[in-house]
Amino acid sequence: MTRLLSPALLPPALLPLALLAGLALLPLGLAANPYLLNALITTGILTIGAMSLNLLLGFTGQLSLGHIAFFGIGAYVSALTSLGFDVEIGFGVRVVHEPWPAAFGFLLGVAAAGLCGWLIGRLSFRVRGAYFVIVTISFAEVVRLVALNWVELTQGPLALTGIPALGLGLPGLGSWTLRTKVQNYYLVLAVGTLCYLLIARLVGSRFGRAMRGLKENESLALSVGINATRTLTVAAVISAAMAGAAGSLYAHYLRIIDPDVFLFATTVTMVIMVVGGGKGTLMGPVVGGLVFGLLPVALRPVMAPEAQWIVYGLVLIAILFVMPRGLVPGLAGLIRPRRAAGAPPRPAGDHAGAHAGAHAGAHAGAHPGAHAGARPVEVRS
Amino acid sequence: MDQLLQHLVNTLILGGTYALLGIGLTLIFGIMNVVNFTHGALYTMGAYLMYLAVTALGLGFFLALPAAILGGLVLGAAIEFVLLRPLRGSDIDTTMLVMIGAGIVLQSGTLWVFGGVAKSVPTPFPDAPLHLGPVSVSWLRLFVLGAALALIGLTYGLINRTRLGLAMRATFQDHDTAALMGVNVRLIYTATFAIGSSLAAAAGALLGPVYVVFPQMGGLAELKAFAIVILGGLGNITGAAIGGFILALAEELGAGYISSGYRDAMGFLIIIAVLAFRPTGLFARAERIG
Amino acid sequence: MISSMDSPPSPILSVEHVGVRFGGLVAIADLHFDVQPGEIVSLIGPNGAGKTTAFNVMTGFLRPSQGVVRFRGTALAGLQPHEIVRLGLSRTFQRTSVFPDDSVLDNVLIGLHRRTPARLLDTLLGRDRASERRLRAEARDLLDRVGLTARADEKAGALAYGEQRLVGVALALATEPAMLLLDEPVSGMNASETRVFVGLIRAIRERGVTILLVEHDMPMVMAVSDRIAVLNYGRLIAQGPPEAIRSDPAVIEAYLGQGSAAREAAMRAAQASPAQTSPAPVSAALEASHA
């Protein structure tokens, strides 16, 4: 058992490694199928977005429904950095930017998205819950409208075109521009793996414990000295930066972006990936990302796009009803009882709850006053 | 000056339907603690029901409106009964996501059935606008304002003057106590969601003929409804009514004096500003603690 | 105040004319008392007397409408809960004393949050292995102190109620407090668990930690406290050593005013055991008033 094996972080480290190996070998068999390779690349990019969303939704419990804003900002900043621009920002001031290498665009895109994450975090973590959801949606809409209307900078609905492909350069070894699908596939896989490792390290650390503490019992977390605003803001920054990285990959892979990258539907897709796969687990968004990212590929031959979305919506509802914790914990739960059959029954879930309840009840009988002072919300007394 | 007057008149007309949208959403949030992501879809459904009633059923404009509202009522009750009732007691995120799923199904279903081409609803009103001094208003818009105000009044009456309204207010205060006092809380939830949905459908049925009817029209309307509800304070009905008019004013002035492209951004800028400076909404009373 | 005559001049905690109002409701009218370093003080009073509210004010979860709380000379006004913990004032909670979805060991590790440097970069680069190992050892140590070693790998939310309170205490101790506020720590514990817990409180005090507790279990309060402060209707009506409180007429009156059950219990106790020193009428009334 590794130390990542607290129940929230199942499954064991073997599964991610096997999956990584499988994904790394996949192009060998698919090089001749550009359609499927393309689907895998966009799925991979969205999966990175889903992993970043999971950091907020799964590990801090804050639902960001404007996550696409960070993705889109990463895409636009990265594209504009590498394309250059010449705009007037009022009062006769012109800002002229010469094109930079795409790799700088990637870094700036990540930084800009992270900065926006910081702003949104500062603004909204004071209010949380439903408010956080609505602030993030609003933010995404404002950014979309700016992208649509600031035509001088973004070309508006005409889209930014001719975005250069990302290049990789190693001093002394020369540089490569990643133009083919296979190259982009491996780039996305590498960035995805990096994000996965980063998140794994983060949630297994002191910082991750602070996030879990805040999610499980905020008052108690505060009372052991956890700074809620700081913790949640840092989580928002990292999450937004990762979404920005995904957006940048998207822009340099497709080579064209328009304000439609900010569509609410894309956020919903990421949410479905996270919730369907299992929020608050490391593998959840990866499994969910692959399943729901490739679902349209499976559905395309049999139904129209509108009908596909109907299926998407129904699947989301079905998962929440049948497997509310998502595929990964749900399937792990199916496997575990069999594995533990030989071992003495250890309290898990319902069984333990009943046990604790009976216990407390017995004590309440012995101490008639035990629960008399109990109040629904502790800190409000 | 004349331009400003025209903007104010437009504000009044737009604000009435915005208020309807906001009241429906805030009612559902306040009483059920559900962030209703089907609200936009129900707004769309209201518009399509109106279109169907006028064109396919030939009901006539003035009969089609109550029919569309009734359709929203029934659809809302069905959504509550099938999706929300079994989820009572689960956390707000779960219900929110289920509502998102339902919203997707409804919107994509509309797109599938009716196609993406916008429809216009024929109206019996004359095309020539009514001139009132420097401002001009179309008869249709005037009717929309009147109908919206009437529906707002009706909702207020329902909540403040009827037994159902009393039970709703009791449930809003404390659903456990309400249940103890003999209120059928499950029924109240269904009624609340149905009424909230019918208000969204009414807004769609009223604005559909003013603009055009298309499957994605609800998306933006839903986001605006959120803005209105935040502005008024979550769960505050009067706040939502006033918030509807404030949003309409901001949009009219923003479109008139800044840039029409940013008309729709006003609501979101308002949300962000409200949350930065007054997170409980503009009209929140001192919050009750303990 | 009697106790301030012979105690050291600088209290570790002083509550100075604190008042809390929620709208028109007065939760605390005017609370004024000190706790000296190394003391075990109990705050008692009927339900709704304002005890938990007082705790919430002291730990920054509530802003007082008036007055100020000082801890080791520092005014706590305007400080956030996590800032107050850093000053060395820690608390437990009445009902929800654990992080329910984590193991007991992980609970304590979360509790040890303040004990490692806040270097996110080190975490991301994997340079926190040594400090993580140290932290684990410390967590096991703490579990040992509260007697939960055997439960280390169990899910905290699945523990019995009494054991959850112990996790709560371990979490509070993890912050290395100079003073500990315990909110009904033995509710849900049976008699033998309570006895063990009293030992634990004494052991904590032996390490130099000052303790203020709110509790309804009167035998436990009488046994463990150096001094007792009695709250009623948001006001301090008496304070002093247990023996004095036991026979204080104002205290008896406060508890007798609670209702007929309490009154009967007090009278029964008074009639049945006139010569007995314990439980005195107050104790009996206190017990009954919470039934």
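Order of writing sets the labels: A, B and C. Residues in every chain begin at 1.
The rule we apply is simple: contacts are C-beta pairs under 8 Å (C-beta built on N, C-alpha and C of every residue); 3 or more make two chains touch, one makes a residue touch a chain.
Everything numeric in this text was worked out from a predicted model, so none of it was measured.
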item: Chain whose average C-alpha position is farthest from chain B's own; value: C
item: Most extensive contact between chains (C-beta pair count); value: A-C
item: CA centroid of chain A to CA centroid of chain B, Å; value: 31
item: Computed distance of Cα centres, chain C from chain A, in Å; value: 41
item: Distance between the centres, which are taken as Cα means, of chain C and chain B, whole angstrom; value: 49
item: In chain B, residues with contacts to at least two other chains; value: 289-290
item: Numbers and ranges of chain A residues touching at least 2 other chains; value: 380-381
item: Residues within chain C bordering two or more other chains; value: 27, 53
item: Chain A-touching residues of chain C, taken from the complex the two chains share; value: 27, 47, 52-53, 55-56, 59, 61-62, 80-82, 85-86, 90-91, 93-103, 106, 109-111, 113-114, 116, 118, 120, 123-124, 126, 128, 132, 135, 154-155, 157-162, 168, 171-172, 174-175, 184, 187-191, 216-217, 287, 289-291
item: Contacting residues of chain B [partner chain A, same complex]; value: 29, 35, 83, 86-87, 90, 92-94, 96-98, 100-105, 107-109, 111-112, 219, 223, 226-227, 230, 234, 259, 261-262, 264-265, 267-269, 271-272, 275-276, 279, 289-290
item: Residues of chain A defined as touching chain B within the complex; value: 57, 61, 63, 123-124, 126-127, 129-131, 133-135, 137-139, 141-142, 145-146, 148-149, 264, 268, 271, 275, 304, 306-307, 309-310, 312-317, 320-321, 324, 377, 380-381
item: Parts of chain A lying in touch with chain C, wherever the complex brings them together; value: 6-8, 198, 201-202, 205-207, 209-210, 212-213, 216-217, 219-228, 234, 346-348, 352-353, 355-356, 359-360, 362-364, 366-375, 378-381
